[in-house]
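There are two complexes below, and they share chain A, which is joined by chain B in the first and by chain C in the second.
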Partner chain A sequence: MFMKTITCNACGHINKEGTMICGSCGKPLDSISGEDKNTLLNMRYDGTAVRSKTRNRSIIDKIWNFFSSIKIGVTLIVLALISSAVGTILPQEMYIPQNVDAFTHYRDEYGLFGQIYYQLGFHNLYSSWWYMILIALIGISIFIVSIDRGVPLYKALTNQNPKRHTGFLKRQKLYSESETYDEDEKEQLLFNLKKHRYNIFEKDGHLLAEKGRFARWGPYVNHLGLIIFLLGTLFRFVPFMYVDDFVWVREGETVVIPSTSQEYYVENKKFIIENYGEDEAEVFAEAIQNQEGPIAKHFETQAVIYKDQSTNIVGEEPDLNQIKEGSIIVNKPLKFDGFSLYQSSYQTNEFKSMSFKLHETSDENEDAIAEFKIDLDNPENNFTFDNGYRIELDQFYPDYYLDEGQPKSQSNYPRNPGFVFFVYPPNEEEPEVSFAAIGKNIDPTNDNDYKIGLTDFEVRNASGLSLKKDYTLPILGLGAFIFMIGVIQGMYWQHRRIWFHPTSKGIIVAGHTNKNWFGFKNEVDKIFTGTSLQAIKDLEEDSKEDRSQS
Partner chain B sequence: MSNTTERSKNKTDKKKKRLIFRFVILILLFSALLFAVISNVTEDEVKVDIGDVPPNFELTHVNGDGEDDKITLSELEGKGVMLNFWATYCKPCEEEMPYMESLYPEYKEKGVEIVAVSVDLTRFVVDNFIEKYQLTFPVVHDNKNQVMDAYGIGPLPTTFFINPDGTIEERVIGPLTLDRLEGYLKQIQPIE
Partner chain C sequence: MGDLVSLSSTFLYVAFFIYLIATVLFAATIRDKKSKKNNDFASKLAVGTTIVGFVSQLLYFITRWIAAGHAPVSNLFEFVTFFGMMLVFAFLLLYFIYRVNLLGLFTLPIALLLIAYASVFPREVTPLVPSLKSHWLYIHVTTVSLGEAILAISFIAGLIYLIRQVDQTTSSKSTKWLEIVIYTLFATIGFVLVSSVYAGMGYSSTFEFPFKGDTRSVEYEIPPLIGPNEGVMLDQERMSPLVEAPSFLQGVDAAKKLNTLIWSMLLGFVLYLIVRLILRKRIAASIQPFLKRANPELIDEICYRAVAIGFPVFTLGGLIFAAIWAQEAWDRYWGWDPKEVWALITFFFYAVFLHLRLSRGWHGEKSAWLAVIGFAIIMFNLIVVNLVIAGLHSYA
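After this line comes the complex of A and B, so read on.
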């Protein structure tokens, strides 16, 4: 069960299989196997063995290694990007008309493509199980990749040996070799390095000057933020953490708030709506004209929140205790016990009550014989009048329409009420039947002596409130914040290192940075001022020039 | 020599630790994935499902003898209960009502109760409807939509068939045919 190792032939340090650069002295280990000595070193992860690339023994290791592959990670991200893009080609299911079958809609509207689109589940992409799995796999990949590369990199960077093998130095991008080097020059160098805020490590006269190491943690901090963000979205599935619901409440009504286990009730005391009118500032004039119908300027619900104190079973009269009262205006929700009620929709002018009068059909003045009012919330059956007339409400259709000639209601709400009245004149047993609705008064027999006419009505507004509870927002915020820190950390700082290697003849200097080589080279030039060291050269540039010359 | 054996022992220890570490991390990550997918799939599911004990309720018995008669679900335990959520403005609900009425006398004998929960706003329309179809099974009025909310009712009609032991045998969304209705009623009929 020996692990494969590579022993450094310069210092004897035992390195893990897959190590590119000796962990102790920095001798490039690839040169042992006889590779080109002149190419620049690959400094990724500082030459440490990427953990997963070492061994592949058990099934757990295999799964681990699968996810630790950057290729797999990038593939997953590309797949997620492509499918997200495809999901925007046709409207998602929630945006198509509610009253049609989704499959037929996609087929009829978009033909064969729509049919395939639907069958592959793109109509509901962003909550489909396979899309979620894709996103989750990306999360797993990010997590494992970070551990797999971050830990060895951290170890390598905290245990750096200032004394590096010349083979390492000669294959760095920035390199300089000088014939002379003395104590005074060293003092000058140390002074200059400190001036540029380098940290200095020394071993046997060998120097390592380093700064901005923390820039190397940027990607890992960034990944941590992403993972916290993904966890936050995961918590949205826990009802304790996240609730999103909707309730209609009419003026004067008290209704149970859904998704609260019948614990909370909301009363709509008054709904106020103001529209943009004629007297608005001129800047709006054109916009108002272009819009058909009124444009809401302000709408609010004056609401009261109650908590049911009783432990009664569902349906029994709740024991309501007022816990909050206030206005709900767009963007200004009413908050109670972790929930927020937002103003989200409204329906104006629903009928609340209607007043009628009875008059003789032949009477041109339509003088009222009897007057009565119907409360549409709770209509009465019978109206008896002192003059002997009696009116019976036979049928009430809150939202009436004709279904094959038969009046019916299409909803619960009195938006278009229709009534069938039985009129009993004094001392009559047989009633006259008449049907009344908005703008309609139908006499089925056509020889009614009496007519019922609408005289007045009361309306009220209904307010649509959306209920939100979201404890995941702080988690999402934290994740995004950490993500941003990681981005800044990796973007605006660079990890710069300079090695000073005294030799019998003089000194070798090599430099490495993870980005902005130009700035780094200029900085090294400044550090060299006051010394006789040869200016540092960019070996990569040089070799390019060599090639172009030959 | 002892140095190398010690080192290799160290290595195997390290490997074991790493294996355990990787195992734990993978388990955690995949359980999070599983949680996300399962919650996503079950998100649209109902509050009250097959096998559950449905929430108890008490509602006004619209076609009862007294004015303020109540029906409490828990009092029907021991009987099979068909719980039908409906409204007068719902056409498919209207269509299945005569089937329920035709089977009611027979199955009442056999220990099955039909309770129709109307979610209409006004009692007036419910009374009219009962009269029109001459309904004899109990109709209760959920005018505050409390029971509808507790049962998480979406489209109407939705029907629950509750076993004599108080658990839900079947949940049907949409209208029933006479045959299917009778089949379900047989399923919840108490065994004598």
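After this line comes the complex of A and C, so read on.
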């Protein structure tokens, strides 16, 4: 492809179109005369031709230029910032109660504003298509801008000519011109520069002292880290990379862990819950007293993990082999074969079994005619007794509530069990119907001869464990690590360069740093000690003073 | 053990008074027009005193840690106090790079204000709930607060820059906003005053009010300008509220918090007015002459340098360590909890700050205003998100 070029009129070097500073001798190639002392040279990307500033022909150029603009990048970040903030005005859907309808919740809790918030989709803002596109656009922008600026900058900084055109030097921010310069002074300067850990490059008696060049790669390294991080988050959508599930397991129970292809089982040997009590260390006494409710101290599930070794033939009994035993505590998940089980929830005093007795309704002493026990995990349906009575369990509601007068179950967990019994007295074909629950005994017909009463129950705790497998974590960790390296590299070091340009009359010295000019100027002053060089001056401040004086 | 807690509190009081003395000493360095030698001595004395104060506060921190058995960063009092200590540390860090006395004169009062603000919240040693029982508690919290403290130095440098540079001869948008920033400092003083004065008097009045079909009660520790919606006062002899809170406010304590806010703002306004009437000009305009000797380029560089140093520290503590801990404790490294989101917003904001400065040449005044906004975001996350937007992180 034909490319326009600019030939430097000082050294004859052929530069790419868009170059601001000659790549060989450093003569400024911009329209302003190179001798104009009042305008400081724009040293961004060392004056190289940046693709986005030079090509704007094809559609690809236009897209490229759009994303490589810092203005666009910053605008995208500001948009992400504002929309992120909007998402915190009301709680996101994942933080509202699980058992209510989201729309009703937002409308009833937050009125019209809540309703509009919900209708705009702000209740799920961070997983909305437009928020994800916004983050993706930032990712694309970071990628393109890094290539657009990073490649030419790398080329320019690895091919520096220590001998620079005076037009370049005179338009640097830090500048000094001295009448005298001899070999002794050069030795002293070299000594001072080395003491300040500068690398020295020399050509025809011209010196370039440079340090901290690697700081210039910082932005590109941290952008690389961000790109790896963002790509890592996408891997979550690859099925085997990410598993997220939840299981309830009662004390004494062994259940299959979901999302593991029936391969793993977990047993809950014991669930422990502790609150801070009166026997705590004295320092906490005041805090515990001031708190109205109990303060939780410890949640722990003592668990055993098993792996099913059977050959996976349908109908075959699982062959469980213990692979791990340990405690699952908040902040200390139990890890096995890439999975982690977290202590996430609990339910205390869930019913395990309930004992009942049958007695005559008219009997004030409530003497038992028959007694029976229902195992709530696996309730029996029929109870026959030696004295001829028979009881049938017709309906079992583990977690019952009344929905418009009809009993229903909220969940499958025996938290509030309700039972419908059919009672068959001896030699009777027609049963009496009786409903029993905690503190309740409903007789639908109101003329039952018999009554069923709760005599005893056993409880146990249930532990809610969440299961995670996340193979994207190493990628995210790598991205974050590279980001930190890059950001520290770019922020905690600075790229400093000093050019020494001997002339027929003496010497010109010019300095440039990418940031923290104040410290740089002090360092140059120290480097000049022991020489007769004129102290370095800040041309930008001088020109400001000139302006304010005139 | 109880003795250790009171010893710890003593160290904190001592630190508070030493910071107060150091502020006066820094003020002396600014006004001192004597020889350079004298000024050097005054600077050394001021910064030396600050270090002594810092060490005393460090002893508070260590003794309280030993007494509690965990790092004292687990409730709002402890966290804000620690933030004040980190602010002093961040100041010392930048002081030894740039040796600007003015920075001390402005940082120490803000550190004092933070410690005073913290002391309004319950100060007892609280036991840790299971989710906080982790080494990450102090790794994460200390790094975040150090990062935020260094970023806060950029706000202070920005504020100095603005007071020094904004043209005070005419009233403009800049002068108005600058007064608003200064007013918020007065409002914070107002909050501390009203809370501690009424706490000292033992003020209390209780309301009952309907809340989601229930009757709830709330205890006011300062007189109610604003009472709960449809609230009934139980103590007859107390002042009754001037108005009721509007019904759209959420939360059991919403009316009480609004009442405290209104009190703080009103008292802050009164204090501001008094000072303004005494000075007979804008407060920034009265401070400006004292800053004439400061080099604005240098202040601007400190403002930027603090962001350059603080941004990586904040990212490490507030996002990366936070994510690692969240993965251990809550089984997900990121959950869009309001506190997490506001940490991300802080990250975005300072990323914008750096890009605008490094690539688009936003120096001086523009950069200083951005530093002020950045600090407002940090304070929003520290205070408003904790007290108003309840989430997993709410301590109070």
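Everything that follows uses one rule, which is that the second predicted complex is superposed on the first by the 443 of 550 C-alpha atoms of A that agree within 3 Å, B and C clash if a C-alpha of one lies under 4 Å from a C-alpha of the other, contacts with A are read in each partner's own complex, and residues count from 1 in each chain.
In this section, a contact is a pair of C-beta atoms (placed from the backbone, for glycine too) under 8 Å apart; a residue touches a chain by one contact, two chains touch by 3 or more.
All values derive from a computational prediction rather than experimental measurement.
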> Is A:Leu134 contacted by the first partner chain B, the second partner chain C, both or neither?
Replying inline: neither
>> Quick check for you: in the superposed arrangement, does A:Leu478 touch first (chain B), second (chain C), both or neither?
In response: neither
>> Output check: A:Tyr276 vs chain B and chain C. Expected answer is one of first, second, both, neither. What do you get?
In response: second
> Once the shared chain is lined up, is A:Ile442 touching chain B (first), chain C (second), both, or neither of them?
Replying inline: neither
>> Once chain A of both complexes is superposed, is A:Phe237 in touch with chain B (first), chain C (second), both, or neither?
In response: first
> Where does A:Leu320 make contact in the superposed view: on chain B (first), on chain C (second), on both, or on neither?
Replying inline: neither
>> With the touch criterion stated at the top, can you tell me which chain A residues are shared between the chain B interface and the chain C interface?
In response: none
> Given the complex with chain A, which residues does chain B contribute to the contact?
Replying inline: 8, 11-12, 15, 19, 22-23, 25-26, 29-30, 32-33, 35-37, 39-41, 43, 55-59, 72, 74, 87-89, 91, 119-125, 128, 142, 144-147, 149-150
> What does chain A use to touch chain B in their complex?
Replying inline: 1-3, 58, 60-61, 63-64, 127, 129, 132-133, 136-137, 139-140, 143-144, 147, 231, 234, 237-238, 255-256, 258, 261-262, 312-316, 318, 376-379, 381, 393-399, 403, 408-413
> Okay, in this complex, where on chain A does chain C touch?
Replying inline: 44, 70-71, 73-74, 77-78, 80-81, 84-85, 87-88, 91-92, 94-95, 109-111, 113, 126, 276, 280-284, 286-288, 290, 295-299, 329-333, 340, 342, 344, 466, 468, 470, 473, 476, 480, 483-484, 487-488, 491-492, 514-519, 541
>> Touching residues of chain C toward chain A in the complex: what are they?
In response: 1-2, 4-5, 67-69, 97-98, 122, 124-127, 129-131, 133-134, 136, 248, 250, 297-298, 301, 304-305, 308-309, 311-312, 315-316, 319-320, 323, 327-333, 335-338, 341-342, 344-345, 348-349, 351-352, 355-356, 358-360, 385, 389, 391
